[in-house]
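Attaching a single structure in structure tokens format; questions to follow.
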Amino acid sequence: MSESSKEFFPDISKIEYKPESKGDALSFKHYNPDEVILGKPMKEWLKFSVCFWHTFVGGGGADPFGSPTYIRDWEGDLEGIELAKRRIDVAFEFFTKLGIEYYCFHDFDVAPEGETIEESHNNLDVITDYLLEKQKETNINLLWATQNLFSNPRYMNGGMTNPDVQVFCYAAAQIQKVMDINHKLGGTNHVFWGGREGYQSLLNTEFKSECDQMAMMYKMAVDYKKRKGYTAQFLIEPKPREPTKHQYDYDAQTTLAFLHEYDLIDHFQLNIEPNHTTLAGHEAVHDIYVASLYGKLGSIDSNTGDILLGWDTDNFPMDLAQSTAVMSILLEQGGFVTGGLNFDCKVRRESVDPVDLFIGHIGAMDNYALGLRKAAKMKEEGVLKSMVVERYLSWETDPLGTKIKNGEASLEECVEYAKAKGEPKKTSGKQELYEMVRNQYLYG
Amino acid sequence: MSESSKEFFPDISKIEYKPESKGDALSFKHYNPDEVILGKPMKEWLKFSVCFWHTFVGGGGADPFGSPTYIRDWEGDLEGIELAKRRIDVAFEFFTKLGIEYYCFHDFDVAPEGETIEESHNNLDVITDYLLEKQKETNINLLWATQNLFSNPRYMNGGMTNPDVQVFCYAAAQIQKVMDINHKLGGTNHVFWGGREGYQSLLNTEFKSECDQMAMMYKMAVDYKKRKGYTAQFLIEPKPREPTKHQYDYDAQTTLAFLHEYDLIDHFQLNIEPNHTTLAGHEAVHDIYVASLYGKLGSIDSNTGDILLGWDTDNFPMDLAQSTAVMSILLEQGGFVTGGLNFDCKVRRESVDPVDLFIGHIGAMDNYALGLRKAAKMKEEGVLKSMVVERYLSWETDPLGTKIKNGEASLEECVEYAKAKGEPKKTSGKQELYEMVRNQYLYG
Amino acid sequence: MSESSKEFFPDISKIEYKPESKGDALSFKHYNPDEVILGKPMKEWLKFSVCFWHTFVGGGGADPFGSPTYIRDWEGDLEGIELAKRRIDVAFEFFTKLGIEYYCFHDFDVAPEGETIEESHNNLDVITDYLLEKQKETNINLLWATQNLFSNPRYMNGGMTNPDVQVFCYAAAQIQKVMDINHKLGGTNHVFWGGREGYQSLLNTEFKSECDQMAMMYKMAVDYKKRKGYTAQFLIEPKPREPTKHQYDYDAQTTLAFLHEYDLIDHFQLNIEPNHTTLAGHEAVHDIYVASLYGKLGSIDSNTGDILLGWDTDNFPMDLAQSTAVMSILLEQGGFVTGGLNFDCKVRRESVDPVDLFIGHIGAMDNYALGLRKAAKMKEEGVLKSMVVERYLSWETDPLGTKIKNGEASLEECVEYAKAKGEPKKTSGKQELYEMVRNQYLYG
Amino acid sequence: MSESSKEFFPDISKIEYKPESKGDALSFKHYNPDEVILGKPMKEWLKFSVCFWHTFVGGGGADPFGSPTYIRDWEGDLEGIELAKRRIDVAFEFFTKLGIEYYCFHDFDVAPEGETIEESHNNLDVITDYLLEKQKETNINLLWATQNLFSNPRYMNGGMTNPDVQVFCYAAAQIQKVMDINHKLGGTNHVFWGGREGYQSLLNTEFKSECDQMAMMYKMAVDYKKRKGYTAQFLIEPKPREPTKHQYDYDAQTTLAFLHEYDLIDHFQLNIEPNHTTLAGHEAVHDIYVASLYGKLGSIDSNTGDILLGWDTDNFPMDLAQSTAVMSILLEQGGFVTGGLNFDCKVRRESVDPVDLFIGHIGAMDNYALGLRKAAKMKEEGVLKSMVVERYLSWETDPLGTKIKNGEASLEECVEYAKAKGEPKKTSGKQELYEMVRNQYLYG
């Protein structure tokens, strides 16, 4: 039986919605899970999830210039499976107190990696039994699982894209096992993040051979999934660089190019992390928006980065303009299907108190809840939308506009039309007005 | 008849190959056009081209903070068609003296834009007659033509992606005309650069509708080309931003994603400019390399940028490591088919003397010529190549490697193999050694 | 007499404070000029100013890839002095309708540059007579004047830092004249922005000689000012690059280093522009904050940039977190002394309607007004401040802390203390909590 | 006695200068230590040093996404002082075989940190005895020592700039001890690198108080140094960010501003690392150049970064243009006084073989040796120099130029001169020519 009788955050009760409370860091000001917004409870629009790694494993606050800092008394002297179970107990108490209904993990976040594949698999079996028990007890479910193909030194030159067949096969063993345990736990998505799938130097790299290898692995996984009757949605998570100089899944559209090139486009969607998007040189919501437009937004790893820093900081998302933009996209696509809003965030290295974990998540949940409220109001009132519709109106009202969009016009017809109409009117883009109106919704 | 009897650079003779001369800026130290390298004359490997705009039109050295600076006496008080012809005379003298056999232009670089489409078309007819005459006289040919859909205020909100059907059709008129005149002049490529095809703000933009529009224009152009029996290769030139905040053709792979998405992949190749590649966050040769690997490297707009500056500087390429890397890729793919190495470079705003135009091009041509010599030596001796082959050897020698690459293996087989083999060997990536060997080739 | 009888924005009345109005772009929601906040009227805290160049001269929306776009019927066919006066009339109507009480200019924004220095000076005399008249009529005053040492081709290689003595002297003539007319108009500050004072390439540059030249110019200006009894505060405006690759006044602290190095520190303060600050790799408010801390914040060129773009976009500041942070710093230093909040902003190239000029400024003024309200509330309630005070408390309460701060402690004493006290406590930095509290102030 | 009888790289002999050898990674092609160049042996111009941390301690190849990878059999099961001594033995063998005569360390690179200050100091005493012995045996000397105030969790909120007095004092204890041991070992410099001296968030930071604290520490150190009669030159090493979001010693000039502000300018010089310089947005050699011009270039931490990556990669410097530029600056200032060229470089995480340590250093040494040869040739022939002199000639030949430089001219005099002379000549900056000539020196 689980140790769930033991309480690890005894001073913290379930976080409640208290819109009027002030100066109380341990309540929600905006997030009211069951309140219905545009026909759905907030919690369904938001589908918050917590990642296991940053919050319960991670490097303990280590960075390239410093040792671990976090103080986690609950770990005591535990090791191996016992430590893994302890972390799970803590995590489920944490999820429950926050009112979070989903979580995510890498294989060796939740279970210790063994000396051999068999030992690792055995550890995963033991731990997933335990997780299944916790899931049933709490009704907290698995949003997605993924394999860690980047931390172990064996993957230093790549997992699926390694120059050595043997490493590739080792990766296959992890992927297969994650598919199996994900199915066992009812995970609705399976994520692939290629942190070492890329190059450090073009001098020693066969770019295309490596991409061919990666495609072959995906094809085998698709085939295995079909044979097993598994249903979790495959998701690729783009990132342009870090740890590798250049990662093949650079951003959303680069990943779509790959999926098209290798005829895998029907089998994958994307898991987008805004902090990765900004590292690729795009606005934070760009990839979420593009993925959504092309029917490929599977899930979101929600966080924020510091655009002035050249690495992934995985900060808690605290910017209202950004959370509102994300929620507007989600409202437009009718919400998530298989995915959710996973907080792939970590408390700062200096935020060493366990309560900081709560504060970070509460702040971010409230920021997204307020973003949902703002986005819903914008959508209901439709002011910005109607400005945009007006802007593109000729494509609806002009018969040639419709004909072009339907693929029924010829170049000659367009040219004749241009000659007949003469110089077009210069129409203001009115960016300042859009920003003013947006600000009125955001800030009152 | 052309004014080609008049000489505009009377103090400058044909630039000769003088490998031993020192302190003479007006000769080539490395470029010997007819010297055969790996079975082809240097000039065929390199296929140098000069762009008409930076060197004979441009903004005269204007930048966002300053007025034109260049001193071009040859323009005198000429205007309109007369000025256009004068520039062409100067250009062909310049090409001839440099020994450059190709050139490129935007429609309204070579001919003045008229008040109406008809007037513009008429100007283009007059000027292309003149160009055809010059081409025959000099045996200098058109590498590519393109339409300028970004300078005129009518395109401020986009050309193909404009919210107004009428502007779209105006763009169609330019595209059609460029197809016609390019065919007339025997241009082997037709370039599309979408400087205003993108967004300044997501607030006022329908991203997907705009991309749909762009795809429709391309489909009509493909159809028109087929009907007319034209043969110029269509090329898209990616750029991530500038002038627009985000351009839809962000980089090579984003453009490929678009072409796949809209089923246009068979009709287009890419024209890659390294300065655009670095603006997108990639190494200078990344997009050239990726395009080549996937059979999509049509042509190169050769120049260099300053990675510390966030805008396109179009400097002359003066870095040997980079020119060698580009030439290695070209050697690997057997050279250009329809495209060439177009110098999309401009002299610095402060380089106001006409002779600076020669110096910039000579420096860059010599840099590429030396890059070709270095790349050829590397290829002949094969040291780096054999190191790479060795690195990936298991994919050739291990039967499972071959099976995976042929798409005949299953996930289970790979897993079995991994279990049987146990922990893989950690093999050094040897980046420092690759760099040392590369440096020995580059610097002796 | 001035033409001020003519109205150029007949459809726009004076912009009023209407906090409850909705969907009315031409009113203030937050800016109520005479409302007293923390003991001063809003307009005194904010001291809004409009720059003459972006709004009444500028490049008309031209960018490096496109021609002017703006439609300014008021310019008609006017030229020279007549055009200059017309723009002034328009500007003062604009300032008046916005309720803006300060403006700024470069010498050749307001008056046409002549063929000779004498002619230029004469034009400036005529125009400043006219400006003086307008100032008296409207009670709108000059915040600062500056000389344009970057647009004219003569300055392509630098103004004060030019390799040619003659150009340096030409710059001196402009500086002297601006000192004279600024004094005549009662301008309270004189700004120096060194857009061409830097290098494009280290290869052709004597860095230190150029900085020596710049220092000599400043010393002569300080001396001239003293001799003339002028009182305008000298301000240097840092910018890291653009148009030049590297500008000597890179950022606030680099400029302070220069002022110290050349013993000019007592004669200058800084004019900080956040868009320049982000181009230098710092947070938007970093340089404002640093300048304020060291008593050097003279004035602010308020705008915002797009951190993903590598050039100065001079957007209107629309982000509440940023305006609140700026106003918090100003509250802390007790407001401006000689300077103000100058909108160095331009409407987007696509925002071609004259009304867009109003919308941009109103949106930005409201954003700053709301920022002031938020900052004042934060300051009054003191929650964040008290958290910070608590954090540094040991420096007040521990006797050794005070001793160290007073410069009375020795290294040995500190070491003894460290040994005696043993391992320090690890205290959480609580960044997430600070962000949560800040967000509660910003967004409710 | 030392264990130096044991050999750790038995397969590697002393690296020899073999300019003609090809395909031999374990020899120098360009570095010939005793060869005299411009009056000094190469080894004196270059003063190569190896840093202890990256090569003998470091994180073993760990990065934020991966575990250690390096295979260092020599560490066996050793721990504590024994491990420390073993690493020293290996290091001195390594230095000797490379012919490197200087090394550098952080306190807890060479000795294990103890549980208490006293224990740490004791460890340092034991180890420095051992180091002294090795130094005498090998005639390899200490270039500089520094204290690590960034790795231990106690410093997570800063060392000298910590909000807690107690942590500040702990830092003092480390600084004092490093001063003592550095003196004992004859180290000629003492470096301060403020990796945690900065801010993660302005919200919780008192910027000026923290800088005041830092200045106080430096003053106490200066005072202690004087009292003890120590002579090592104090050096500050700027870095803009990483690990901290913003570090107070952002770049060379920011650091100089600080030193001026707190009247410490006479007591410090700078230790410049080009990889930090590029992170601050400058060209790789910018800070070296600026520091040298203002008499503040104490030492160089030589390495290179990838400008496209936003973090410090500490790659071996392999670019000839850069090494030549650095050596040109050093030739100009007559070489190092107290400092040297320390390789603050690490082999890539994937370069796991011990021999890769040799290859990286040999490649970099050869690159610098060739850079020295090129720079010396440039200096001897003086072509570039004479072009620059010509460019600034009017400042020497025009009497007013000299008068201005001597501080004897007035603004009025300059204005009169400008009026008398009229419009200046526009002189080409000739950047392309400078680049061409530079390339002829670099590449032949």
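As written, the chain order gives the labels A, B, C and D, with residue 1 at the start of each chain.
Following the convention adopted for this analysis, a contact is a pair of C-beta atoms (placed from the backbone, for glycine too) under 8 Å apart; a residue touches a chain by one contact, two chains touch by 3 or more.
Computed from a prediction, not measured in an experiment: that's the story for all the values here.
Taken together, chain B and chain D share the touching chains A, C. The greater number of contacting C-beta pairs, out of the two interfaces B-C and C-D, is seen for C-D. Separating the CA-averaged centres of chain B and chain C is a span of 40 Å.
Taking the mean of the C-alpha atoms as each chain's centre, chain C and chain D sit 37 Å apart.
Looking at chain C, one finds that residues 69, 153, 156-157, 200-201, 241, 281-283, 308, 348, 350, 352, 426-427, 429-431, 435 touch two or more other chains.
Taken in their complex, chain B has these residues touching chain C: 59, 61, 63-69, 150-153, 155-157, 195-196, 200, 241-243, 245, 279, 306, 308-311, 348-350, 352. Interface of chain B with chain D (complex): residues 22-23, 25, 29, 69, 71, 278, 281-283, 307-308, 316, 318-321, 347-348, 350-353, 356, 359-360, 362-363, 366-367, 370, 383, 426-433, 435-437, 439-440, 442-444. For chain B in complex with chain A, the touching residues are 116-118, 153-154, 156-157, 163-170, 172-173, 175-176, 200-209, 212-213, 216, 219-221, 223-224, 240-241, 246, 250-251, 253-254, 256-258, 260-261, 265, 280-283, 285-286, 289-290, 293-294, 325, 384, 387-388, 391-392, 394-395, 398, 400-401, 404-405, 407, 409-412, 414-415, 417-419, 421-427, 429-431, 434-435, 438.
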